[in-house]
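To keep things simple, chains are lettered A, B and C as they appear, and every chain counts its residues starting from 1.
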Amino acid sequence: MSRRTVAELSRSLARGEFSSTELTRDYLSRIKQFNGVYNAYITVTEELALAQATAADQRRARGEHGPLTGIPIAHKDIFCVQDVRTTCASKMLSNFISPYNATVVERLNAAGTVTLGKTNMDEFAMGSSNETSFFGPVRNPWDPERVPGGSSGGSAAAVAADLCAIATGTDTGGSIRQPAAFCGITGFKPSYGRISRWGMIAFASSLDQAGPISKSAEDAALMMNAIAGPDSKDSTCVEVAAPDYMATLNDSLQGLRIGVPRQHLAEGLGAEVESALQAALKVFESLGATIKEVDLPNSHLSVSAYYVIAPAEASANLSRFDGVRYGYRCAEPVNLEDMYKRSRSEGFGSEVKRRIMIGTYALSAGFYDAYYIKAQQIRRLIKQDFDNAFKDVDVIIGPTTPHTAFKLGEKNSDPVTMYLEDIYTIAVNLAGLPGMSIPAGLHTHLNKRLPIGIQLVGKDFDEARLLNVAHQYQQNTDWHLQRPEV
Amino acid sequence: MVWETVIGLEVHVQLDTKSKLFSGSSTTFGAEPNTQAGIYDLAMPGTLPVFNEAVLRMAVKFGLAIDAEIGRRSVFDRKNYFYPDLPKGYQVTQLAFPTVGKGSLQITLEDGSEKVIGITRAHIEEDAGKSLHEDFQGLTGIDLNRAGTALLEIVSEPELRNAKEAVAYLKKLHAIILYLGISDGNMAQGSMRCDANVSVRQLGAKEFGTRTEIKNINSFRFVERAINHEVQRQIEIIEDGGRIIQETRLYDADKDETRSMRSKEVANDYRYFPEPDLLPVVIDEAYIESVRAELPELPNAKRARFVSQYGLSDYDAGVLASSREMANFYEEVVKICGDAKLSANWVTVDLQGLLNKSDLDISQSPVSAARLGALIGRIKDQTISSKIAKTVFEAMLGNEQSVDEIIESQGLKQVTDSGAIEKLVDEVIAANPEQVAQYRAGKEKVFAFFIGQAMKVSKGKANPDQLNALLLQKLKG
Amino acid sequence: MALEKSDVEKIAHLARLHIDATEAQEVANRISSILDLINQMQSVETRNVAPLAHPFDAVQRLRPDVVTEKNEREYLQKIAPSVQNGLYLVPKVIE
């Protein structure tokens, strides 16, 4: 039963084929069996899961259930879960028991989901391979020699290996979409401001956004219905109510105008990814869509601008980790400065420190205009590029990543190589747009099948359209149903 | 060499809100340590700020009171530095786009002349927590109850020219803040704190001298002392051929000196940037007008009205309007007794003298406006004389009796019976033949002696007008 | 764009990070290569472009002035490294 989508599980639970408790026990035993291989979970919350499953079963018996009641879920370890260890995959927070719930967690709890545990990730979401975790790397279920992508690598691997029905993730520069592409599943990043960031440990506040990592677009819509919408605790969360994302899933794609960015088909794109993309576009054409090329002339600058804005915001966001009120404090500090410096240097890993340093530098006196202001100007140009493109098209479709999952350690030696992995996803965060990655092919390489993802980008707050387009694609293809041999 | 002092003040005013600037934690003063520090105030990971409406309203109110430009679009920034009482490692403040822009404040100097002091800006920011250094075996204890409380930092232009002007400016600011009801202005509790930027230059010089910033000045008295001390220190250094170092100095009230804060001298780079967790605050005309409608009558307007409505001198009106409570007290007294000038005298001289002597505030006055009004009423209707009134006033301090009860029980009622007064006059004339002879010989100054004697015998109760007339008549007799 | 060891030391101090003298050069090299990537931005003319701090032109919402938090000191200090009498303890702050 663990292989089924949330929509299928929900129907089975409704028909009484099995209880949430039985389903939860099944997932827990799979986690016990396979987590040693994939390292997808940092913390497994067995007791909490069984208690929530019992409660969900009782709720169902009373007839007070919704589509997510009793569905086993995993939360990226960036979301605060009250009285549960919330580490952000950092030594800094390895002993941090959160005193409160993130809004996303609160809403999913209210919907009746069952929390199986907290998934592994790049430390403070800074990475594209899940290799920066203090708790060790996550392995890709399609090929354990390869990375699952990052930063939401644990969530993606857990969904792909059926160690949960669905998972939460966060996406600052591609952290939901890239691991979804690498693991052959569906990853959805809503518009900035669609989902509350309260309780989601901040990396880059103006870019971070939570979203579902799931086995289908329909499952993503189910989770979106539970978590999207205004929250008085987050000033940057928009005040307009979210629509019912299930309601439009089956709308026809007849007349849909799809744009393909010329710049994304240029040099650097792997042949296997390009052919999968072309095949997917054919499918959309067969469903009544028209395809045209669009221009995103400044997209090549998105990585540069991102590596100013994200580290700058992060450098301040991570100042609170000082060893005073919670988290790691070094042993026997000789004075205040020693406490700060050693707690932070021992508590943070090297990628996190590197980004703090870059951000600190970019904001420091004399460099602010050349770096920070310049990056924000580029950010506007990138946003304008999308605005112009969307004058002629309804969605933009391109590759999620230049190629399939790479090997552990392959891109560790040079941070810049690693940063360029996110070349197609980053611009979407800078512009605040909704984006998603869906599986669109498998590339066989040395007897291993590796998933290929394509990226769909929508207009501001046009999530429903993206989910509709993805769902229609998945109704007519079966790439999303492919599973690795675990 | 003649030196000119240049002073600019940065005044931090703690806004009197129920909850903090960006969180729903209470702001009550004096609570047990860290009992008012919620998860946002503690900078728990994942927590976010939401802006308190009352803070915006108070800031705009202040802006309108000093005729300032109101920022239609204000932006919060992060100011980054590490300090244990700053939980997030940055302070949320407003750098480039403050809520209150350029304004001005009119102050009254000692010679009675007026001077307008420019206010550069007033911005909203978070307060820090407190570090406690005692009793922890060489460690420091951190209390974050105050962390995140809303402050309005009011920055003046460097247009103050001596310590007394600085004090006058501060007092005027204090009055306006209390008038507006946006802070309790309690300097001892830190609700109003002042940093002074001080420099000296040769009189007539165009360039400013190098300035120092004096922190931690927590009373009006200390402002004057700290500035005077610092000015003297700077002049001495320059006259000895030295140079002033731009630095932050701490005023030590116990030793009456300023000393360098060496620990803060390490060049700070605050790396300001727009706070991404908050959006720009946009204010429209309707909002500003709704705040304007709530503005109370301000000191200058009140003073002008006191002159025109009550016929007071500009000076008296100014004294009475200097605080909202004093002005309200005064107007209540007038309402009860109906005599504006007499009320002004009593409030500014007798009552104020009493308050000064016992170091009390008008709100702590041992005599209520109602009782003082009643007392003045009895002067006005001639039940007692002004002189006797002072006796009654003294008596009012010691008991809760009404003015009439005091007059009655102590037999202080003025004698107006002409028969009784005539008898009194006769007695005095009979008892002092020598002085009668002198008077009648043309030494008219002796008249005062008779008045004094008659008052003494009547214990001050004789109606002075009647006594005067009768005595004159009898002596001429 | 090459960063010097001394730049790294200055930035590390601002960020309260301890960088070993032995690693400083390597950190400088890595950051320098990232700065090269970042500096590609300088190829575009942006003189008349307004900086974009937030993806959307939304404005700040206001919260009513109401106390919503209660005293949870004991609970919140359970996760603190060092407390005494309700205070967070740190090495002596010198002023």
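Everything that follows uses one rule, which is that a residue touches a chain if its C-beta (ideal position, glycine included) is under 8 Å from a C-beta of that chain, and two chains touch if they have at least 3 such contacts.
As the structure is a prediction and not an experimental result, all values here were calculated from the model.
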Taking the mean of each chain's Cα atoms, which chain ends up nearest the overall Cα mean? C
If every chain is reduced to the average of its C-alpha atoms, which one ends up farthest from subunit B? A
Between subunit A and subunit C, what is the separation of their C-alpha centroids in Å? 23
From the mean C-alpha coordinate of subunit A to that of subunit B, what's the distance rounded to whole Å? 57
Between subunit B and subunit C, the Cα-mean centres are separated in Å by 41
Can you list the subunit A residues in contact with two or more other chains? 96, 99, 206, 232, 235-236, 315, 319, 322, 324-326, 336, 340, 360, 364
Touching at least 2 other chains, the residues of subunit C are 14, 16, 53-54, 58, 60-61, 63, 72, 76, 82, 88, 90-94
Any chance you could list the residues of subunit B touching two or more other chains? 39, 42, 44, 50-51, 80, 82, 84, 140, 142, 144, 269, 271, 276, 278-279
Interface residues, subunit C side, partner subunit B - complex: 14, 16, 53-54, 58-69, 71-73, 76-77, 82, 84-95
Quick check: in the complex, which residue numbers of subunit B touch subunit A? 39, 42-51, 78, 80, 82, 84, 87-90, 140, 142, 144, 269, 271-273, 276-279
Mind pulling up the subunit A residues that touch subunit B in the complex? 79-80, 86, 88, 93, 96, 98-100, 102, 197-202, 204-206, 232-236, 312-313, 315-316, 318-322, 324-326, 336, 340, 360, 363-365, 368, 372
Considering the complex alone, what residue numbers of subunit C touch subunit A? 3, 7-8, 11-12, 14-19, 27, 30-31, 33-44, 46, 49-56, 58, 60-61, 63, 72, 75-76, 78-82, 88, 90-94
Residues of subunit B that touch subunit C when the two form their complex: 17-19, 23-26, 32-39, 42, 44, 50-56, 80, 82-84, 131-133, 136, 138-144, 250, 261, 263-264, 269, 271, 274, 276, 278-282
